[in-house]
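What follows is subunit A paired twice: with subunit B in the first complex and subunit C in the second.
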Partner chain A sequence: MMASADMLAFGMPRILAARVESTAGLWEQLGAFFSFQHVSLVYGVVGAVLLGVCCGLLGSFVVLRKMSLLGDSIGHAVLPGICLAFVVVQTKNALAIFAGAIISGVLASLVISVISRYSRIKSDTAVGLALSGFFGLGIILLTRIQRMAYGDQSGLDRYMFGDAAALGRGDLQLMGLVTLVVVLVISLFFRYFLATSFDESFAASIGMPVRLIQVALMTLLALAIVIALQAVGVVLVSAMLITPAATAYLLTDRLGRMLALSALLGVLSGFVGVLLSFLLNRIPTGPCMVLAATTWFGLAYLLSPRQGVAIRAIRRSRRSRRVRLENLLKTFYHELGGEGLDQPVTLERLARARSETVGYVRRVAGTLAASGLAGLAGDRLTLTSVGQQRARQIIRNHRLWELYLTQEARIAADHVHRDAEEIEHVLGEEIVARLEAGLDHPDLDPHGHEIPRVKG
Partner chain B sequence: MHKDSRRSNGEPAVEIHDLTVSYHRRPVLWGVDLTVGEGQLVGIIGPNGAGKSTLIKAVMGLLPLSSGWVKCYGQPVHKQRRLIGYVPQRESVDWDFPVTAFDVVLMGRYGRVGLLRHPRRDDKRIARECLEKVGMAPFAGRQISNLSGGQQQRVFLARALAMESTVYLMDEPFVGVDAATETSIITLLKELRDRGKTCLVVHHDLQTAPEYFDTMILLNMRLVACGPTPQVFTPELLQKTYGGRLTILSDAAQAVAESER
Partner chain C sequence: MSIAIPHPAVCLLASSAEPLVRRFDFFEHLIEPWTRNVEFTGWIVAMGVFVAVPCAVLGCFLVLRGKALLGDAISHALLAGLAGAFLVTGSRGAVAMIAGAVAAGLLTVVLIELIHRRTRVKEDASIAVVFSTLFALGVVLITRFTEGVDLDAHCVLYGEIEMSWLRPDRVKTMGGVAVAVVVAAVLFFKELKITSFDAATATALGIPAAAVHYALMAAVSVTVVSGMEAVGAILVVAMLIAPGATAYLLTDRLARMVLLAAGLGAVSAVVGFHVALWLDCSTAGAIAVVSFGMFLVTWLASPRHGVLLRVLRRWQLATRIARENFLRAAFNLRPSPAPEAVVGASVLGEQLRMLPADLRKYCRRLQRDGWIECDPEDQVRLTDKGFRQARRIVRAHRLWETYLVNQVGIALDHAHPDAEEIEHLLSERLLDRVDDLLGHPVHDPHGKRIPRPPELLAAGAETHLARLREGDVALIRGIDGSATGEVLSRIAALALPLGAEIQVVGQSGEVDWTIRCPDGTQRRVDHPLADAIRVEIRRPVLRA
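Now for the complex of A and B:
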C-alpha cells in the first residue's frame, strides 16, 4: 500500500515555473509555451529533441535486431545504479548518476548473457528475469531514499516517469554529447550496422568485426537510455527506442529512410510530449511523450500506404464490392443469353439465378445504378451501354482465361471454372490483349460458349 | 585466367586438417582431413545433422574450432577473406529487412571497399551486372520480402558473385527454389568452375548430386570419403554415409558433452 502511494508521488514533476496560473485558458498557456521565455522550458524542449534523435536512430536497430525486450530491460535495470550513486555522493550529481546507471545497465546485460549461456534458460526469459529483479531492487532503494532525511531533496522521483523541465545545463551537455556520438558512429559505420543487422554470418565472413559492432551498439544503447531517463523515466524509456522505430518500419522499405523517419518521429514525440506535459500541468513528461509516439504508431498501423491495416481493409472491401457488382452484371448477361443486353431483367429472376435474396440483389442493383452502369425502374433492371460493355468484358475475361488454362496449362475443362471466377475480376486490359493474341483471337471457350467481343 | 597475387603456386584452394568442431562442447565434426583443388565443383553430401553446414561455417571461420586448421591457398582463412565468398542458408536472414535486392548485392562489395569508404560507381556497376547475371536486374529496386524464394536465392548468389571471389562456399542454395532457378544456379556454378573458381556446395538431393558435381565430400560427423564423383558416389560409400550414425561416435560425443557439464 505504502509503496504504491509513494510511487504515485514520485511521478509528479515540479510544477513548471513558466506556466501561467492554472486558471488561464488554453491559448494563454500555448502562448506561454511558444514564447520560450522560461529557461527550464527551453531546456526541456532541447532535451526532448536530442533524445528523440538519439533514441530514434538507435531504436531502428533495436527493432530490426529484435532486441526490443533487451532495451526495456536495460531501461529498468539502471534504477538501482541511480539510487546507489545517490546514496554514495549524497547529492544529485549528474555525472555520478550517469556512471551508476551505466554500471547497473552493463551488469544487467552481463547477468542476462551469463544466465542464457550457462543454463537451459532461453534469452527472453533471462531478459525478463534481469528486468524484474533489478527493477524490484531499484524500487526498494528508491523508497528507502525517499524516507531518509535528505530524501526530499534527492529529486530522484523524476527518474520514475520523467520530468523534462528539471533538466539542467549539465544534463543537456551530456545529452548533446551522446547524441553527437550516436549520429557520428551510425553515419560513419552505417554499412557495418546494416550488414551485421541483416546477415550477421555473412558480415563475419567478409571480416567485419561482428562482436565489436554488437558491443558498440549495446554501449550506445545504454548511453541513450541513460540520457533519456530524466526526461522519460525508467518505466517508459524503452518506448522511445521502440515506438518511433516501429512506426518508421511500417512506413518505409529502406533502412536509410527508416533511420531518418524514426529520428524525426522521436523528435516529434519528444516535443509534443513536453508541450502536453506543460498544458496538462503536473503530468510527467515521460507518459506524454510515449502517448504522442504511440499515437503516431497507431496512425501508421491503420493508415500506412502499404502496411496499414485500415488501408488494406478499405482496399479489400472496394475489391469485394467490385466483385459483387461484376457478378451481377455477369448473371444479367447469362439471363439474356448474351443477346439484346439492353432488355430489362427483373430483380427476382436475377436473385433466383444467383441463389441470393431479392433484397441483396436490390442493394447491389442500387449500387450498379449509382455507378451509372444500370437503371433501376421498380423491379426491373436495365443496363446502360457502359454496363453492357462491362458485362461483356467480364464474360470475355472469364472465358478467355478458361480457354488459356485448358489450352496452354493443359488443365481439364471441368477444372477451370472456379479459377476463372476469381481471375476474371483482376485481369487488366493489357493481359487480356496478350491472352487474345496468344490464343489467336478465339471465338469459343472450352465449353463451346461464345467469347464476346469488346469494342474499344 | 585471372590470377590473384595472393594465390601461391600449387597450393590447394582449400585444405582442411584434423578439423574438430563442437557445439556446446558436443563434437559434431570429428577429425576431418581433406583437400580441394582449384577449379572444382564440389558437393558436400550427407544426412541431416551430419555437420555439412558446420563444415563450411568452420571453413569460413564463423565457428570456433576445437582442433585442427583450415587453409585457403596455403594461408589461414582470415588472411584470405577476399578470396572466399560465403552464401548462407536463405532462412538464416529476416527477409522483411528494409533493403532492396540491389542493396543486398552491394553488400558483396563491402569487403572490398575498405573501412570507411563508400561504395564507388564501379562497385555499383558490378552489383548491377551481378544482378543481371542471375536474371534479377528487373527486381533491383524491390524490397526483398516481395521476392519469391527462388528470387531471394538468386539475390544471395548475386551478392556472392559481386565479391569476385575465387572460392565459394554455399549452404543449401537449392533448398526451396523452383526448378527454373535450380537449373540457372547450377549453370552458373558450372560457369564459375570453368573460369577456374572453386565451389563447395552443401546439397542433400542424392538424385541430382552426381550430375551436378564432379567431386564429392561425403560427410557424417566424420569424413566418409572425398574424391571424384565416379569413385566416391558408390553404393558402399553412400551406405556408409547414410546407413545410420556410427553409434559409438554419437555416444562418445554425448559423453564428452556430459563430462564437461
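Now for the complex of A and C:
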C-alpha cells in the first residue's frame, strides 16, 4: 500500500530536480523556474498550457449543454479501454492505449445517451451507472493484468492519478496534436457547435446534422479527457474541463468570448498549477492546477460584473441605502406640509412619523448629512437646497405615479399607494418628464395633494 | 520487442502465463468458499452486504430526487473532510473521521447549492467544480501536512474489501452503520417519501423538506465514509446508484423499490464476491460490474419498462399493420364481391408499391401463415381466415371515415389518411359502438359498402333490429335489458307481436326502419327503438 503522496506525485523527482535547493528562498526558486532550464519543467509547463487550451474550449460546450458530469464519467470509463489495449498490444504503446481509451470513452457516452433515451432513468443516474460500471470493469482488468505475468505494467496507474511533471516528449506531441485537432474542428464548425449548444431543435430545423455534431463533440471530449488524464488524473479531469468554462460563463454572454476566456483561464490554471507545485515542493501538480482554476472561479463568483454574488449584494445594499435616505426625505416633506422646506425638524418628530426609533433616524440623518443633503445640528435636521430638491422629486414621483395608475390604468385611488411607494425610488428623470407630459402637467394627485414642481 | 502482433484472441489465450478469463470451476469458486474458508468468505461477504444495503436504501432516494451524482461528489469530497478532521484533532479515530465526513458532505451540498442557486451556472457544472476542488484540497492537505499518514488514495478508489477477514472490527462497525441507516430509513420513511416526490406538499404539511434533505445527505456521508475504506469510492458510488436505478425500473411503489434495491445490492455483493474469486480480481470492481450488469439485464428485459419487450411489441405491431394493409388491398382489388375471387399479384404490387421480388417473398410468407393462397400464375386468393381479417379492416376503415365525415365534420377528402392509421388500432367492441352511433350505415361517404361480419346476420343469430336491412326477415325476440323508461313505453305503444315473423320493407336515411308484421300492417321504428328491440334472423338478404 502506497501513501497517496507517493501515488500522486509519481515521477515528481524529475521536476523537483530543477529546484535550486530546498532551503533556498522564494526568489531564487522563482528565478530557477522562470529560467526554464530544466527540460522536465518546460515539458510540464507546455503540457499544462496545451491542456488548458484544449479543455477550456471543449468545456465551454459541455457546460452550456449541461453535460458537465459526462466528463467525469468518460474519464472513469476510459480505464477498461486502456487495460484492454495493454492486454492486446502487450506493451505500453501510447497510441494503442490512446485508441483503447477513446473507444471505451465514446462507448460509455453512447451507453449513457441510450439508457437515458430509452428508459425512465434520468440522465444523471445514467451517468453514474456508466461511470461505476465501466470503472468497475477497468478495475477488474487492472487487477487481472497485475496478476498475469505481464512485463512492465507500471504506469497504467498514471492514467488514474496523473502527473503533469512526468510528461514525456511523446506525450506532448500527442497533446499538441489533439489540441490542434480540437482548435481546428471548433473553428471550422463554430456555427454548428454554437447553434446546437443553445437550441438543438432550431439547429435541426435549419438542417444541421445535430446527431453527428453531438457524436463529434463526444469524440473530441474523449480525446481531450484521455490526454488530460495523464496530467491530472481521473478525478480531477472534470475540474480542468468544467471549472474554467464555468468561470468564463459567469463573465460573458457571447460564446466566442466565452471560448477564448475559458481557454485563457485554462492556460492560466495550468501554468500557475505547475508553478505552485514547484514552489510548494512535494505538492502534486494536478491538485494545484485544480485549486488555481477554482480560485479564478471563486473570484468570478464573487466579483463578476453582472453575475458576481458580492457585486450584486453591494448593489442591493446601495439600493436599500438610497431607499432609506429617500424615505426620510419624504417624511421630512410630509412633516413640513410642503411649505418652507428650509425649516428644521427634530429627529424625534421624524422618528414618530416613520414609526422608527430615534437611533435609526439619527443614523440615516447622519448619512444624509454626510452626502450633503442635510445639515444636522444636535437633534434638529435641516435640508440643504439639494436635499429639498430631492425631497420634492421623490414626492412628485410618488404622486405622479398614483395619478398615472388611477387615470391610465384605472386602479382605485385607495389601491395605488403601495405600488407608488415602491416605484418612486426607481423612476428616472426622463420617464418622470414623459409621465408629466402624458398626464398634462397635473397639479393635484388623486388624493387631492399638490404635486410639487421641481425647478430645473 | 520485435514480435509480430498476433490476433488479439490468440494473444489472450496463448501469450501469458494466465489467460485473461480463467476457467470457471464450480466447486473451487462457488462451493468451497462456503465449506472450507467460511471465516474468510463470511467476513468479506458480510462487509459487502453491510455496504451494499444501506447504500442501496439511501440510493433509492437519491435516484428519485435526481441527485444520484451527489453521492459521487460527496464520496470524492470526503477526502478533504478526512484530511481536515485529522489536521484538527490529530487522530484517526472513528469519531473524528465521521465528523469530518459529515462536515465535508454537508459542505459539498451547501457549496453546490450556493453556486447554482445564486448564479446561472447549472447544477451539473456546480457539482463538478465543487467535488474536484474538495478532492484536490484533500490531496494537497494530505501531501503537505500529514506525512506518512495512512490515508491512501489508492484505497480511496479501489478499497480493500479482501482484507475484511483480518479486521472483523471494521466489519462490525459497518454493520452498525448499516443497521442505523436502515432503522432511520424505516422510522422516517414517510418524511423521506413525501419530500422525495413533492417537497412543496411536504412543507405545506409541516415536514421540514430542507432538514430532511440535509439529514439524507449526512446519512449518505456517514455511509460513504464508513464504506469507502472497505470497498473504495467507486464501489460505494455503484451501490448508491445501480440497485436503486434497477429497482426503479421494476416497480412504481417506493416501499417495494427500497426493499428490492436492498435485496439487489446484497445479491450483487454475494455474486460479485464469487466472480472476483473466479477471475482472481478486485472484489470491489466485480461487485460494481455485477450491479451494473443487473441493471442492464433489467433494462433490456424488465416486464414493464424493458427495452427488448418494447422493441418486440413494436415489431409485432409493424408486421400486423403490413399484413393487414396487404389483406385490405387484396380485398378491395377483388374483381367480384365473392370471397373466392382472385387478384393478380402485379396489381397488388402496384397498389402497395412493393418490388416484385419482395412481393413474391411476402406472399409466400402470408401463404405459409394461412392468410392467402397463391397459385403459380401469381394469382392471390384470400383464405377464409384472410378474408375475415380483411373484412374487419375494411369495415374499420370505412366506419371511421363515415364517423369523421358525418360526426366530426372533416372534409371527405381528408378523412382517408387518418382512417388509414387508426383502422389497425380499433377494437371490435369500439367498432360496434361506432357502428351503432352512426346508425349502422350501409355505405361510407365515398359510396362504398361497409362490410359486416355475416356471422352476426346469419340465420338463427340474435341481434338488434337496427342491424336489419331491407329484405331481411326476422322473429321479434324481446326487448333489450338496457332499454329505459321512455323507450320502453314507446315500444309498448308499437304493440309488436312477440315471436312473430317480420320483414323489413323500407329503410330511410339509416335512421328509421319500416317493418311489415304478419297481419300485414306496417310500422315505423326509429333508431333508439330499433337498438332496443332484439330479433332472431330467419332469412337475411345477401350482403357484401
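As a convention for this text, the second predicted complex is superposed on the first by the 382 of 456 C-alpha atoms of A that agree within 3 Å, B and C clash if a C-alpha of one lies under 4 Å from a C-alpha of the other, contacts with A are read in each partner's own complex, and residues count from 1 in each chain.
To be clear about the criterion, a contact is a pair of C-beta atoms (placed from the backbone, for glycine too) under 8 Å apart; a residue touches a chain by one contact, two chains touch by 3 or more.
This is a predicted model, so every value here is computed, not measured.
Of the two partner chains placed by superposition, only subunit B is touched by A:191; subunit C is not. Once the two complexes are overlaid on the shared chain, A:199 sits against subunit B while remaining clear of subunit C. In the superposition on chain A, A:249 makes contact with both subunit B and subunit C. In the superposition on chain A, A:408 contacts neither subunit B nor subunit C. For subunit A, the partner with contacts to more residues, out of subunit B and subunit C, is C.
When the shared chain is aligned, no partner comes close enough to touch A:348: not subunit B, not subunit C. When the shared chain is aligned, no partner comes close enough to touch A:422: not subunit B, not subunit C.
Within the superposed three-chain model, A:28 lies out of touch with both subunit B and subunit C [touch as defined at top]. Legend: residue contacts after superposition of the two complexes on their common chain; A:208 is shown touching subunit B, with no touch to subunit C. Taken together, the two structures place residues 249 of subunit A in contact with subunit B in one case and with subunit C in the other.
By the touch criterion given at the top, residues 1, 5, 8, 11-12, 15-18, 20, 63, 66-69, 71-72, 76, 115, 118-122, 124-129, 132-133, 135-137, 139-140, 142-144, 147-158, 160, 234-235, 237-238, 240-242, 244-245, 248-249, 276, 279-282, 284-289, 291-293, 295, 299, 305, 307 of subunit C touch subunit A in their complex. Looking at the complex, you find that subunit A touches subunit B at residues 64, 188-189, 191, 194-195, 197-199, 201-208, 249, 252-255, 257-258. Those residues of subunit A that touch subunit C in the complex are listed here as 1-5, 7-9, 63, 66-69, 71-72, 76, 87-91, 115, 118-122, 124-125, 127-129, 131-133, 135-144, 147-150, 160-161, 235-236, 238-239, 241-243, 245-246, 249-250, 280, 282-284, 286-288, 290-291, 294, 297, 301, 307, 309. Across the complex, subunit A is touched by residues 57, 60-62, 78, 81, 84-86, 88, 92-94, 97-100, 103-104, 107, 110-111, 116, 143, 159, 163 of subunit B.
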